[in-house]
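Chain IDs A, B, C and D follow the sequence of writing; residue 1 opens each chain.
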Amino acid sequence: MKTSPKTKAKSESTKVSAAAGLSGPDLSVEIAGYRFKNPIWTASGTCGYGEELDEIFDLNTLGGIVTKSITWKPRQGHPPSRVSEESSGMLNAIGLANVGVKAYVDEKLPFLEKYGLGVIVNVAGFDFQEYIDVCARLADHPRADMVELNISCPNISSGGIEFGADPKQVEKIVRAVKRVFPRPVIPKLSPNVTDIAEIARGAEAGGADAISLINTFIAMGVDIHSKRPTLSNNRGGLSGPAIKPIALSMVNSVYEAVSVPVIGIGGAANYEDVVEFMICGASAVQLGTALFREPDLPVRVLSDLTKFLIQGSYNSVTDLIGSIKMN
Amino acid sequence: MKTSPKTKAKSESTKVSAAAGLSGPDLSVEIAGYRFKNPIWTASGTCGYGEELDEIFDLNTLGGIVTKSITWKPRQGHPPSRVSEESSGMLNAIGLANVGVKAYVDEKLPFLEKYGLGVIVNVAGFDFQEYIDVCARLADHPRADMVELNISCPNISSGGIEFGADPKQVEKIVRAVKRVFPRPVIPKLSPNVTDIAEIARGAEAGGADAISLINTFIAMGVDIHSKRPTLSNNRGGLSGPAIKPIALSMVNSVYEAVSVPVIGIGGAANYEDVVEFMICGASAVQLGTALFREPDLPVRVLSDLTKFLIQGSYNSVTDLIGSIKMN
Amino acid sequence: MKRVVCQDSYLISRRDLKNGYLTLTFGPFSRSSSIKPGHFVHIDLPGSNLYFRRAFSVYSVNVKEKSIEIFLKVIGRGSRYLAQLKKGDRVNMLGPVGTPFKLPRKNQSALMVAGGVGLPPILFMTRWMIKRGRKPENIVFVYGGRSAEDIIERSIIKRLGVRFLPVTEDGSYGEKELVTAPLARSLSSGLLKDPVIYACGPESMLRAVDHLATEFETPGQLAFEAPMPCGFGICLGCVIPLRSGGFARVCREGPILPVGRVSWA
Amino acid sequence: MKRVVCQDSYLISRRDLKNGYLTLTFGPFSRSSSIKPGHFVHIDLPGSNLYFRRAFSVYSVNVKEKSIEIFLKVIGRGSRYLAQLKKGDRVNMLGPVGTPFKLPRKNQSALMVAGGVGLPPILFMTRWMIKRGRKPENIVFVYGGRSAEDIIERSIIKRLGVRFLPVTEDGSYGEKELVTAPLARSLSSGLLKDPVIYACGPESMLRAVDHLATEFETPGQLAFEAPMPCGFGICLGCVIPLRSGGFARVCREGPILPVGRVSWA
């Protein structure tokens, strides 16, 4: 295991979790050579840049935070309506609203310096070069522990089909980003594909250090009175508990297909869900939409997860990873 | 419009609905030359062969019934556990349990003779020839108004990848079935694909008279104590309101991509959902999983739909079809 | 009139018993007069986020009031939700569903076996038999639970005049044994005239009862459970494997199935 | 201590008013002492199948009892669910969230404008100002609704000693006009000293008030609404467009935004 080139805050927190390990199960997980103090992360676009969440619970609770997708230039995003409520979930078409990479490194990343958690910077782009430019800019900022590549973006040069739908493109993007960003690179897969394992193999071939999945499903809502889509962008992404069973299946398929760590995302809303993702193969789990309904969820999930591990006599949370027994 | 080569029951019911039309909106829809007295159908695998549902409400309420997938030979299906409860939906891996086409035409189809509703026989197969054999056998039974082809089945000759994932295969199956079955043929698309519009174009090229979508999403549940998948088959299909927003988006994409009628399926659980599907382009909507929770749902949906049409001063339910106004 | 109704019904009254057990009475239920022991109702909890209905054996019926009573224990989310209902709260009832128990012949004796929360159809059937002229002294009522806390409604059972044989795993009430012990004794005693077994309880109990009944060549009827998406036969989700091959739907061919029918593999 | 809490809270009492309006008092709410008018709480309904929380302006606070009161009208699923809560029922409260109203300066007069269910922050702010030394005679309270049925809490308002100007669309109570009519008259009368507008109500009303305020070059603060997935700034879902370009989050920069800020496009 490489040791993390981390700030004071980070190594302190590692000590804390190691000490805690004496009295309880070890919650830490190692991903791409970094040790996270626990497998609970928050998902890109569902935790901003961390500031608001920290008003509700101590950000240090988290193993990692994946910040909102950033692009080269600031983006205002789509006009309202950007969201709609669905059964056990929601639609969103925020339109990649973000401060742009410059303001991100100048104003947002410094806020995270004082915390002892992994910072994963989610990066989006509308063409190939944008991913490279943003990641190159992040390379000099060690507080950006890793980048996560949001490849569910419409690819202008492929006529709007998502980058993430073509394993060759995914391989190419990952390889290119690896060249400019010296720390781990984690492509985040789109579920809107026929065979997600094939995409994951493309990502691995490109040199991915880990793979996150899933992003949202392309979906739509309609107002029956106005006959208009509920979102200004017409289509948006479905997230929330509604998609969890699909996410679990995809996480397991990818876990079987590649040898790099898998990060599970999709509808996780309690500790049981986290355990399910880990049993299916996830090394860490990102909480997303569920944070909107339960902003202090990570605190509860961690305490419930710890209880579960104690009751099951697990020494380490890593014992769960990929422990599924197929029927 | 072709007139339906129908039994007495059928033409009587057409009369009834025409009479009703004098006092209220016209609920009938024409699909592939047949006039259904209303756009409310029940989905394959969620209404058996009709017998049990008729104990709860008069089957004549329905515009159409799509019976459980039948195969050439009877199939017992998978051992339990076949189902699990999910957020706003469920998983199933029934394993295509069915009586086989012979018993179907001898014992099940006769029960439906006395009803005035469209009978759509859903057909499944594990190879190409099975679809052809079953449909050829149904050709002589005019109570089988149409066949719906379940192409979400694992395709043995393609190493288990679904038939429905390849537009060429879909085109080929539809064309082959059209040759042996003289009445309308409706392929039912799998949502587990990157670009469902492409599959729909394949279906249309093969001569599909209409297109149904969607079938269930490949998904999984895990028991955190036994670490086993909740289904004996490990993976199953996710259905229910959870998937509706994805289904709406796909229905609309297919509606835009082809010129044959589209039948909407996926999580519809009330009249609003039915209206949404129709606005997105569906000519009829199949109620599925929602029937398990509300067995008498079709009765309520029809009365609510009628009220909605009256309040909106619609003369015909067909005015809704594809009436979406994109933002 | 349709055989099965699906109707809104309201909580009329509740009895909170010890140890998380309770009974709930709902009405109106228009088909209450067609209910027999072994029938169940499939209950939807409107506004809740439980996607499946929950099945409950009918525990008692009041035909005049058109109400039915169920007996439950708080186990998970559905039963917890039901347990917090207040008078006047609405549920949706589907029923009566399932294949009910068959009465024994007039001169047969009956061996009733209830394990834990398996009490409701067994107690209902016992009362039903007595009402229909079966002699209480020809009925043995074996009722088992983990401890004294799980043996509910004792006074009701005692008042019936049946031979009440309570057992508990920890010996805190009745004999310290499993229900199969008194069942085996009763069967091997040879004192029972032409006995029929009626049993409801956990799967392990049903399996043991099934084996005993087969061993003693005694007919019987067992009440099964399974997760039930629809509860009336259309989803094929609730099946159990049969010794003859194939499967039975617990909600339709069951929940009551004859001894010797199920494959325990 | 964290600025925003997310805590279980229970229904302490309810007042059922006419026409589907009601108030609900919940406690405990540990941050009740930091609440100001314009703040809202974001309420989750556990066990319900509503996926978004619902936002409600704080209507009154009881700091000693650590409770807060909300005022609502039954409109759709969330408000219906809230309206059927019984004493002791649990919800989960996130709050206080949002940017509250700012007090007028001591010598400024205030023009309060409430449309329909926009009453709560306006009435709360009125009481708050009076408590903090603003003279009731310097406060005009315009309150509009469809009909007399929509003008709630009249006696409370009257008791405050403010200039109460109720209006209804059908003239069944107060003048038959929209709230903008008395607002325009007040502004054009020139009798109000250095007025500040405080308004909450339907979007069409806010837009008209915004235009009037701009026309009369009068400062003011408007309370906005939007569907809110998170309610505290992390999802970027609740935005409204600004005249300066870009967007404001209604839950964070809002719900109270100054007159002239929003782009009505």
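The rule is simple: a residue touches a chain if its C-beta (ideal position, glycine included) is under 8 Å from a C-beta of that chain, and two chains touch if they have at least 3 such contacts.
Predicted, not measured: the structure shown is a model, and the values here were computed from it.
Engineer: Supply the minimal count of touching-chain steps required to go from subunit B to subunit D.
Structural biologist: Contact-graph shortest path, subunit B to subunit D, evaluates to 2.
Engineer: Roughly how far is subunit A from subunit D, centre to centre by C-alpha average, rounded to an integer in Å?
Structural biologist: Distance between chain centres: 37 Å.
Engineer: Determine the centre-to-centre distance between subunit C and subunit D, using the mean Cα coordinates as centres, and give it in whole Å.
Structural biologist: The answer is 54 Å.
Engineer: Roughly how far is subunit A from subunit C, centre to centre by C-alpha average, rounded to an integer in Å?
Structural biologist: 48
Engineer: List, in ascending order, every residue of subunit A touching at least 2 other chains.
Structural biologist: Residues 86-89, 240.
Engineer: What residues in subunit D touch two or more of the other chains?
Structural biologist: 49
Engineer: Assign the assembly's chain-to-chain touch graph to one of these shapes: line, ring, star, complete, other.
Structural biologist: ring
Engineer: Name the touching chain pairs, please: which are they?
Structural biologist: The complete list of chain pairs in contact reads A-B, A-D, B-C, C-D.
Engineer: Under the stated contact criterion, what part of subunit B meets subunit C in this complex?
Structural biologist: 45-48, 52-53, 55-57, 68, 76-77, 79-90, 92, 94, 97, 240, 289, 291-296
Engineer: In the complex, go through subunit D and note every residue touching subunit A.
Structural biologist: 2-6, 44, 49-53, 92, 94, 226-227, 229-241, 245-247, 252
Engineer: What does subunit D use to touch subunit C in their complex?
Structural biologist: Residues 47-49, 81, 86.
Engineer: Which of the residues in subunit B come into contact with subunit A in the complex?
Structural biologist: Contact set of subunit B toward subunit A: 86-89, 91, 161, 165, 192-195, 217-222, 224-229, 231-235, 238, 240-246, 248-249, 252, 267, 272, 275-276, 279-280, 308, 312, 323-327.
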